[in-house]
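The chains carry the letters A, B and C, assigned in the order they are written, with residues numbered from 1 in each.
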Amino acid sequence: MKFLKLSAGAMALTAGLSGHAWAQTALTMWYHGAGNEVESQIINQIVSDFNASQSDWSVTLESFPQGAYNDSVVAGALAGSLPDILDVDGPVMPNWAWSGYMQPLQIDESVIANFLPGPKGYWDGKLYSIGLWDAAVALVTRQSYLDELGLRTPTLDQPWNAEEFQAALDAAKNSGKFDYALDLGTAWTGEWYPYAFSPFLQSFGGDIVDRSTYLTAEGALNGEAAMTFGHWWQDLFANGYAPATQDGADRDTGFANGKYAFSWNGNWAALGALSTFDDTVFLPAPDLGNGPKIGAASWQFGVSASSEHPDGASAFIQFALQDKYLADFSNGIGLIPATAAAAAMTENYKDGGPMAMFFGLTEAQALVRPVTPGYVVEAKVFEKALADIANGANVEDTLDAAVDEINADIERNGGYGH
Amino acid sequence: MALVTPENRGLRLVVRYTVLTIIAVIFCFPLVFMIMSSFKPSQQLLTDTGSLRAFLPVGDLSFDNYIEAFARAPIGLFVFNSMFVTGTTVILTLLICSMTAFSFVYLKWRGRGLVLSIILATLIVPFETIVIPLLLLASKLPWLGLHGIEWGWLNSYRVQIIPFVADGLTIFLFVQYFKDLPGELIEAARVEGASWPQIYRRIVMPLSGPVMATAAILKFLAMYNSYLWPLMVVQKEQYRPVMVGLQYFFQLNIAWGEIMAYLSLITVPVLAFYLLLQRAFIASIASTGVKG
Amino acid sequence: MASKLTQSNRAGWLFALPGFGLMVVFIILPFFFAISLSFTNQRLISPNPTEWVGLANYRQLLGMGMITLDAVTDESGQIVRDDTGAPTYPRLREYTRNNPDYPHLDGMKQWFSFGRGGEARTFVLARDLVFLTAVKNTVVFVLVVAPVQGGLALVLALLINQKLRGINIYRTIYFMPVVVSIVVVSLLWRFIYDGNNGLLNNILDFLSFGYFEPVNWLGNPKTAFGSIIGMSIWQAVGFHMVIWLSGLQTISPTLYEAAEIEGSSKWQTFRYVTWPGLRNTAILVLIVITMQAFGLFAQIDVMTNGGPLDSTQTIVFQAVERGYGKQDISGGSAISVLLFLIVLSISLFQRWLTRERT
């Protein structure tokens, strides 16, 4: 009897000691933050907090540099070696969901009831991804510039209209103080172009693709509104308001060095602008005819289709949605936290904070990029069209060619599931 | 040559050296710029490009860029990966391509002519033609690993090494070289009853120093500097070579100083290697030109 | 070469198999795979099944058409002219978009046009203007780089071939860019070519005492490609200089002595002694440069991304962008096959051009 009790006790002890590690199922996760120390630190913190908070799952994180991240996922999908949890850039998610890389999330939707619309990734009626933050773009300038040039300060309720915006650019150009009136960030080739510039197109009344069917871009990208936008866009460069080609270094330092009067920039760069000048202001987008628009949706978390533990993956994602982590990311990288409650916890977005107006801006003006698997190709085509027009190509022909390419791609893919 | 007199001989010499030096400056100024910039903080670096200061070690010099570069990316790992992949490929290439060339030059076997023609024909196929199907292929190939059969070669060392071991150019170099070796040595060995592997190992390979050096150098340069293939097939940090690691430095706020430091770190070893052995380097590459 | 070869099938195959086997798997197989992919509509990853589409990809890449139009006339029959006095023509848009009379022109864009005497003008249209521009650029690159780089290398080799003290130092320096990765070189030259504050602009400004206007080398469609060509030659010329050098050094000195005795000028010496001795070397240099030039990719990817206005598009860049970036593997493969055909015809042409004429 004594022997049995002893051995039972021994067995229980060993089970108890090793049981903790033995029962935890490993989950793999990919994140795009390699090379970015602040983001890496925060995500590592979330992972270790999650691992410590429960004993069913253990997440290991693998970091990738942002530039190569999407390619890595595609290569991983080809090889069948995707992780359980991955993060995905908002507009790309429909393509990955349609291609079969991702499966719907299994989180409690009441948790995200208060989230801004941008970070919620729905496709085909199901929630595939959810983000901890949203990104917005605004016109960065200095109050002193506005005063010197005698310009009205636009507000969210009364943004500049097209004439006022043009007048502002003219005033800046004619003052002779600046190399260029406007820094659009043409150095940031890639997703920045559709993200930052399609809102202008949408504000004129056009769009990258016809959102009523998503099956054609005819009329949206080459209709009258789009042609007006195209000529307006070309004139910005032809008349010397903005540089068409720009070096990356110039984008980083140009505004801070006083080269530009206005800078069309995302709020992730805003922290830098705030620290450079003491009178930095963020102006809302101008209303170019169809209402002012800015982009929305940034990186979001999702579960890969090949994951064997979607419940665990979803549990991790739900854990990460806590307000304190939203606030951490916001403080770290300057982006808009997804809930108002988290915003109140941050330095920049609480009431009266220097970037608080972005929260209202996103709510009022944000329009997500087209929600379609065809977006991957559409973005590239749109980017090239914008660059060509900026360099002086014929507007009608360029937009027509872009429409043709997008339509051909949609057709080749059987309508992308629409 | 008619106008060379003792008086203008000195002048001609000065002219020649001046021309040579101007050309030399053209060839090395970007590299000087890179190394100098790696010691300057990013802001200063960018303003210095506007003047001759770009080439001078002036201003706020420090090792900060290097320290931060190491903090941002596992540079040691990348260099190790590049060296491992390059070294392994070079060794395997020398072995396998020389064996293949040996069989064409010294052995008579059915199908020899056809196989050689096919191999030489691949010289025309640019790598970029096959890069995408190769990607698809590599993503599906099996491998006998420690845990049994694994599928897919992406994100590994083998995907960076094995497709490049056998290449037409190296085989061609070896074939040309073997053709010029004295045949009597081989005949004598055959008469004495040596087997082909023994002839390969004891006679042909020891005489192949020059061509091995040339092939090794060309292969080393090609593999260490390769960009397109690793970009497509290796994204996991563990296996990344040096060129793909460059991506780490192009985040949202680009730190040019760190990039210069990184570029210097990955270029200077190769440069140093080259400068030490430049005589052998150039001599062996030159020798291919004559035979070609 | 051993004169008494014995039949040794097994040994032969055994020695050749590892190398040949690897080449079959990693070069020949993907090559045929590329050809077959180009006849389908395979995507990189897609839930749609792959279908056989025949020549559709090629038709899309190479499709061309022609249309002859008369000048626009106003009500009185007078030709409407633009500011420079040239006649204007109806917008091609009307013919290429949704025009039932010209279905074969649907979706095409204007490539170039030429006049046929009189007031009518013939317009040549193409379905994939970017690809044809890429082909044109790549061919121009090869045609310019081959003689320029080869010629420059020869000049450098002649310079280095002098018996001067310390000449080896110069040889070392001229070869140095060859060992540096083209990616590193491209990044550095981006700084040099920068339009606002670039080193090249500053140097030229200094040399011309301020007369020089800064040029946006990579941002101007007229100068972008030339800048890429200059940089590529800078990087690679040392390699070919060394090959020429070895060729020069195998020319027998007695020939030079004979020429000197006969009192020939420098140019005559070069033409009748040096150049014939370099023939084999010249062929090698030309062939290697040409092959390498067709693969122009890394510089474009790092520096210009094909722009501005497609002035730096190349075939390989298009293939990678189409196949990998836009996930259209079948289109990318079709481009690759076309590249192979172009390279094949050029190398056959070169062989014919440099054949031994008895």
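The rule is short, and it goes like this: contacts are C-beta pairs under 8 Å (C-beta built on N, C-alpha and C of every residue); 3 or more make two chains touch, one makes a residue touch a chain.
Everything numeric here is computed off the predicted structure, so don't read it as measured data.
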**Asked** If you take the chains that touch chain B and keep only those that also touch chain C, what is left?
**Response** A
**Identity of the chain that, by mean CA position, is farthest from chain C** = A
**Request:** Select, from all pairs of chains, the pair with the highest number of C-beta pairs in contact.
**Result:** B-C
**Request:** Report the inter-chain centroid distance for chain B and chain C in whole angstrom, where each centroid is the mean of the CA atoms.
**Result:** 22
**Message:** From the mean C-alpha coordinate of chain A to that of chain B, what's the distance rounded to whole Å?
**Reply:** 39
**Prompt:** Where the CA atoms of chain A average out and where those of chain C average out, how many Å apart are those spots?
**Reply:** 38
**Residues of chain A whose C-beta touches two or more other chains** = 71, 78
**Item:** chain C residues counted as touching two or more neighbouring chains
**Value:** 194, 324
**Message:** Residues touching two or more other chains, restricted to chain B: which are they?
**Reply:** 46, 135-136, 232
**Item:** chain B contact footprint on chain C (complex, rising order)
**Value:** 1-16, 18-23, 26-31, 33-34, 37, 156, 159, 162, 164, 167-168, 170-185, 187-189, 191-192, 194, 197-199, 202, 206, 234, 238-239, 242-247, 249-250, 260, 266, 280-281, 283-285, 291, 294-295, 297-298, 301, 316, 319-320, 323-324, 329, 332-333, 336-337, 339-340, 343-344, 347
**Residues of chain A that touch chain B when the two form their complex** = 34-37, 62-69, 71-72, 75-76, 78-81, 248-249, 252-253, 268-269, 272
**Prompt:** For chain C, which residues are in contact with chain A within the complex?
**Reply:** 41, 43-48, 60, 91, 93, 97, 107, 109-110, 129, 190, 194-196, 216, 218-219, 221, 305, 307-310, 321, 324-328
**Request:** Over in the complex, which chain B residues touch chain A? Could you list them?
**Result:** 43, 46, 71-73, 135-136, 139-140, 151-155, 231-233, 235-237, 244, 247-254, 256
**Asked** Residues of chain A touching chain C in their complex?
**Response** 71, 74, 77-78, 98-101, 189, 244-245, 247, 250, 376-377, 380, 384, 387-388, 391-393, 396-397, 400-401, 404, 408-409, 412-414, 417
